[in-house]
Structures are given as structure tokens and as C-alpha cells.
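Remarks on the structure that follows.
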Amino acid sequence: LEKSKLAETLQKVREENPLVHNMTNVVVTNFTANGLLALGASPVMANAKEEAADMAKIASSLVLNIGTLNPQTVEAMFLAGKAANAYGVPVIFDPVGAGATPYRTDTAQKLMNELKVAVIRGNAAEIANVVGEKWEIKGVDVGAGKGNTIELAVTAAEKLHCVVVITGKEDVVTDGKTTYIVTNGHPILTKVTGTGCLLTSVIGAFAGVEKDLIQASVAALTYYGVAADKAAAKIAPLGPGSFQMEFLNQLSMVSSEDMNIYASVKKWNGGI
Amino acid sequence: LEKSKLAETLQKVREENPLVHNMTNVVVTNFTANGLLALGASPVMANAKEEAADMAKIASSLVLNIGTLNPQTVEAMFLAGKAANAYGVPVIFDPVGAGATPYRTDTAQKLMNELKVAVIRGNAAEIANVVGEKWEIKGVDVGAGKGNTIELAVTAAEKLHCVVVITGKEDVVTDGKTTYIVTNGHPILTKVTGTGCLLTSVIGAFAGVEKDLIQASVAALTYYGVAADKAAAKIAPLGPGSFQMEFLNQLSMVSSEDMNIYASVKKWNGGI
Amino acid sequence: LEKSKLAETLQKVREENPLVHNMTNVVVTNFTANGLLALGASPVMANAKEEAADMAKIASSLVLNIGTLNPQTVEAMFLAGKAANAYGVPVIFDPVGAGATPYRTDTAQKLMNELKVAVIRGNAAEIANVVGEKWEIKGVDVGAGKGNTIELAVTAAEKLHCVVVITGKEDVVTDGKTTYIVTNGHPILTKVTGTGCLLTSVIGAFAGVEKDLIQASVAALTYYGVAADKAAAKIAPLGPGSFQMEFLNQLSMVSSEDMNIYASVKKWNGGI
């Protein structure tokens, strides 16, 4: 994966304006839509079972997020997911809060079992809970825990047969064979709600234009991290309100040059 | 329609603080409420069938928006719409994404058939789909297409028997006989989610204090466009995050003098 | 209640990061989560009956808000509330719009009757409607009315057997015996949607770490008001968009020293 590919993938998103169908939680809808617009993608939301499959079919990618799940939305997610699978639309899954309640954990596992998911993104605790590994969890935000994140990601990729993205202080992208570590990003992201959810949707936008899912995911993570780095450098001391605003600005402004200069990615060649 | 009427209508909104009952999509609720507050209106949201009619009855206007429709909300929209019709409360309708899925198109058409709608606002593709004309559509955002927007608006007004507002690079307001073109506004509006939805609710606020629906709609569009122009002039280069914030500021600040100086409206006298 | 206790309670929130389970309306979810994160609490949202009780059990506090209620969410609120009661998790209730429709008023009263509520917070009209007193109401925002707010609060506390917080130009906190008046805060708060709802969730965060509910409520109100005062002093003339952003900044920045200097609280010793 050459570094120049990352900027090229970003460029492709901006040229093709992929339609990203988000079935996401009620906390982050607005921020997700604005983040995708800033990137240059076209967001759409449609949660009813009466239209979810129709929308998924015409989308460039489908993003499923269980942050405020309920039986109606989950039913619609299955319909949309099956339609996406049938039409070759990549499905990106964010198991928000898996492990916090049995309903979330069960739903996350069922979605993984019954749909062909292209990329799953979560923090370490969420991914661990999806694959049945023990990890500490508190609410839906904190999931650093103590384990070896790379080992967890590789195990999860093998079990789930998809690309696994675990985000945290360092981000891991793996399909179980090839693994990358991305170190862009800034701690203030954890003080703004929905930054994880939006990242998942951004991966959706990149996966909507690039079939190599490792490349799409790494490009999305570096793009997102560079935008956060730039926003934080400019404005983090002012507080999370200002950061949220500036982060949206930077999502619209990160250039190919920024990607080439600031992207911080390395291939993982060590053991786990 | 004298230009001074536009500022007067804005003034009336600020004096009367109309209660705008919004039954809208989950992406834009917060932005809609904040935009209406900035204007000087009183927003209320109530989507349950158990109370939608009761709320509509006491409102100054009712705004229906199908951006994230589902059967429960649609049922409640019909109840609220019938109550509004019975009590003389103007109903404003935003057919978000009509044409994107059969469910949306059908629901939009049923709402138009069974309720007495005062004003419908959408982009050209959405309005075309409501009246069964062909127009390109992609997702819920893009709807410029290639046709003659004025012709479409007039045709739609004749078929739908209501005021039709089509927004885009230029905005058209018509009841099928009298037509105005508004050219305020700025392209960066398309980079912030919910700016179309909020505009529909702003039309609702103006229609809540002014019975002449052409005047109410033109006043709402110019007010909104002037606020966008002022915000963009001040801050657009910074990005969509800053614009969103400044746009809310300007919605609270556009004065009668601003309206008199900057409103860009012309009556359409040409053929179609 | 010594003034130093207020800053200590804020400090405790930041050290313990209480998990606040919010079952709230769709207008304010994002703002509520960001406000709680800025404070230093951990927000979680979970509205489905399939998991609401499980989430409430593990939370530090449960916040119920009926701003956009529907039968599904109300059923889940009862389940979560019963679980919270059983596990000693304090329940904070915001009767948004009580009085605006019979459904809201009835639901608010049922929730108060069937659950053990620790703190109820609303404007005067909402609280009056919950306890069956006459008060003017318009929509969900305006509730100053003409009555004696302190008298209303004390009466409500006696009837409802919980701490009552009535917010307005001055805020009243009472358990029916001991009453405090907080005069921090700024009128521009009424131009940003969800500032009342977020305040209720902030009370939830404080009640999650401090068992003395009068102390928790007074500390929450002064903290919130000081943040608003600081944000308004810095930025209010720019408009409500800028204020919303700066208010989130200040929620993350109010220090113990700020609390000690700016908190404006007095015990009420007069008659009612």
C-alpha cells in the first residue's frame, strides 16, 4: 500500500460523491450527515423497513450502527443488509456499545452472522464483545482495556471473515493477514459525541469508491486523523465546542498534499 | 408584492413568535429548532399519534417532512394534518427524497391527496416526483436536473392546488398564476445538512403569521437567503462547520434594513 | 450548604465520570451527549424496551425526558425507571411540554406516580401542570407565567415527594423544607434548543456522584449557570450559533475557582 494511494482514494471520493446509506443512531445523525457532506460524499438516512432495502440497493455503501437500536430498526437493517449483499453494495458495521447490554451484543452478533459485512469498526471492547472475547466496557465510549489490540483485531478478522478496524490511541486495520497501524488522530475526538460513528460512515464513503477494503479503510482513517490533527492544532485549547466546528471545516479541507505530508501509517510486520 | 412587505412579514414573525409544529426527520430536528429560535419563532416537535393532532390544533402552522419517514410517523402526520385542516392551521410539506424509493414517492403523493397543503417546498427532482414528472434524482440532496424549473413549478401548482416553492440555484415561488424568482442564497448551503428542511420550517413560521402564502413564502426565502449571503460573506472560506454556526447567528440578526437592501426578488412575467 | 461544597461536587463528577443513561427526545440527543462529555460525564442513550432496564441498572443515574414521547419509549421508560428504583439508581425527570397536550400531561403524571423520582426539573408551567395547578403554557418553551415560583416549587415538592427544580429567570431548588435560589445563567440560553434538557441531564450527572440531592441539584445549576455566564460574557453579541459552541467550551472549562467566585446561590428563608 503506497502512501500516494491514500490521497488518490480521497480524491476519488470527492470526484464520485458516493451515496452513503446510513442506518444509524439518533444521537449522531446530524453530525454524520454534515461530516459526510464536508468530505464530499452524499449522505442519506432511511430506517423504515418499507424503504430500507430500496435505498440500500441504489447506495454506494450501507452503514449499520446500533447506537440506539430497536426491533423496528434492526429488522430494517437486516432487509437493507440483504439487499446490499445481493447488489454488491459494501456493508460497514459499527457495533456501538456491544457488551453493554445483552440485546446489543446479541444483535451485533446476529448482524455479523446473517449479513456479509465488508468492514466492522469499533473500539477494542466492542470488537471483543462481538467475537466473544473478554474485555472491559463502560457505557459506549470507553473501550481501551488492557489487552493486545492487534492480536484482538487479527483474531476478530479470522473469526468474522471481514476487515476489522479497531480505533483507539492507535488504530488497527486488518483482514487477518495484512495489518496496518494508523497513528493520526487526537484525544479531543473522545470529547465530541459521534466521532467514532462518523468515522465508520467515512469508511463507508471510501469503501463506496474503492474495492480494496484495506486501502479504503486505511485511507479513511488517515484522512480522518489528519483532519482531527489539523483542527486540534488550530483550536483544541478553546474546547470541544470549537473543535467540533473546526473538525467539520477540516474534513472539507484536507488536501492530497496534507495526506502525503501528515498521514502516519505503518505496516505491522511483528508477531502478535 | 412590494419589497417593504417582506421586511414587514419578518417583523411580524418576530413580534408574534408563531408556534411551529414540526413533524420532521431525525437528522435535522436540532438544527430546525435552533434555526426557528434564531428567527424568533417557537418550535415544537411532536410525532406520536397520541398527541400530534392536539399539538397541531394549537400551532400557528404545521410542517410535515418525510426525510426519515416510517409508518408510525406517517399515520401521525395524517392525524395532525387533518386537525390542522379542520382548525385553519396552514400545512407546509417537504417531500424529502421523493423519487428515491417507492415508499417515499407514494407517501408524498398520499399526503398531498388527502390533506389540504398550503405550501410544498422541495428541489426540482422532489417536486417532479410528487407530480409524476420525470426528473433525475440521486439520494435526497441533488435535484437540479436539466428541465425548466419555472415550468415545473407552475405545472405542479396547477396539479396540486397549492403554493409551490422549488429551491435551487434560483428559487421559484408560484401558485400557478403569479410567480416570483428569488436569487438570494449561497452554494455553501448545500454543504450543511438540513438547510432545505429548515427553510421549509421557516416558511411555516412566516405562513403562521401571514395569510397571503405567496407573500409569506417570498418573505421567508429572501430572509433565509439574505442570512446565508451575510454568513457566507463573513465566513464561508473557513468551511461548513463555521458556516453552520454563523448562519444561525445571522438568522437571528437579519434586520428589516438588511431585507430592504439585500432582498433579490423579481416577478416572472415571461412565458414558460 | 457551604459554597465550597459546590465546587467539590463538580470535582467529583469529573473524577468519577458517572454513566448517565438518557432516555430523551430526538431534538436534543446530540447536544445532551456533547454537553455531558464536556462536563466530564459519560453519556449513554438506550430507548428500546429490550435493553432500557439493563442499561439503567449499570448507570450512575437515569434521565427521563418526554420531549418527543411515544408509547414505545414511554413503555421503555417505565421498565428503565423500575430497574433504576430497584438498583438505587437516581431517576431525574424532565416533563417537557407537560400541559401542551393531554398525552404529555397524563404521561408525566403516570411516570411521577409509578416511579420513585429523585429530582424533577422543568419550567414553572410544566411543573404546575404535573401537579395540577393552573399556569400559562405555550408550546414547550415558554413557562414563566405570573405565579409565585417558589410557592409552586414547595407545593410541588410536598405533593411529589421529591426534589423540585424550577428554572427560569431565577432557579428554585427545594425538597419542600429547604429551598435555594440560584441566579446564575443568561437569557440567551432560551435561544438555544435543549438547554433545559441538557441541564436536567447535568443534574443527573451530579446526582450520580452525590447522594444529597439538594446539594447535587444546586451544584449542577450553579455550574451550568456559571458556564452560561462565562460563554455569554465572551460571545453572546455574536448570536446563538456562536453561543452554543462557546457554551460547550465553557462546560468543559468551568473550574473550582470559577465556582467559588461566580456561584450565585442563596438560601430562601422568607415565607411563601
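Residue numbering begins at 1 within each chain, and the chains themselves are lettered A, B and C in the order written.
Please note the rule applied: a residue touches a chain if its C-beta (ideal position, glycine included) is under 8 Å from a C-beta of that chain, and two chains touch if they have at least 3 such contacts.
Since the structure is predicted, the reported quantities are computational estimates derived from the model, not experimental observations.
If you lay the C-alpha trace of subunit A over that of subunit B, the rotation comes to 120 degrees, to the nearest 5. Comparing the contact residues of subunit B and subunit C by number shows a mostly separate set, under half of all numbers used being common to the two copies.
For the pair subunit B and subunit C, the distance between mean C-alpha positions equals 33 Å. Subunit B has residues 26, 29-30, 244-245 in contact with two or more other chains.
Across the interface of their complex, subunit B is touched by residues 25-31, 67-71, 97, 100-104, 138-142, 190-194, 238-242, 244-245 of subunit C. Looking at the complex, you find that subunit A touches subunit B at residues 19, 26, 29-30, 33-34, 37-38, 42-48, 50-51, 54-55, 58, 72, 244-250, 252-253.
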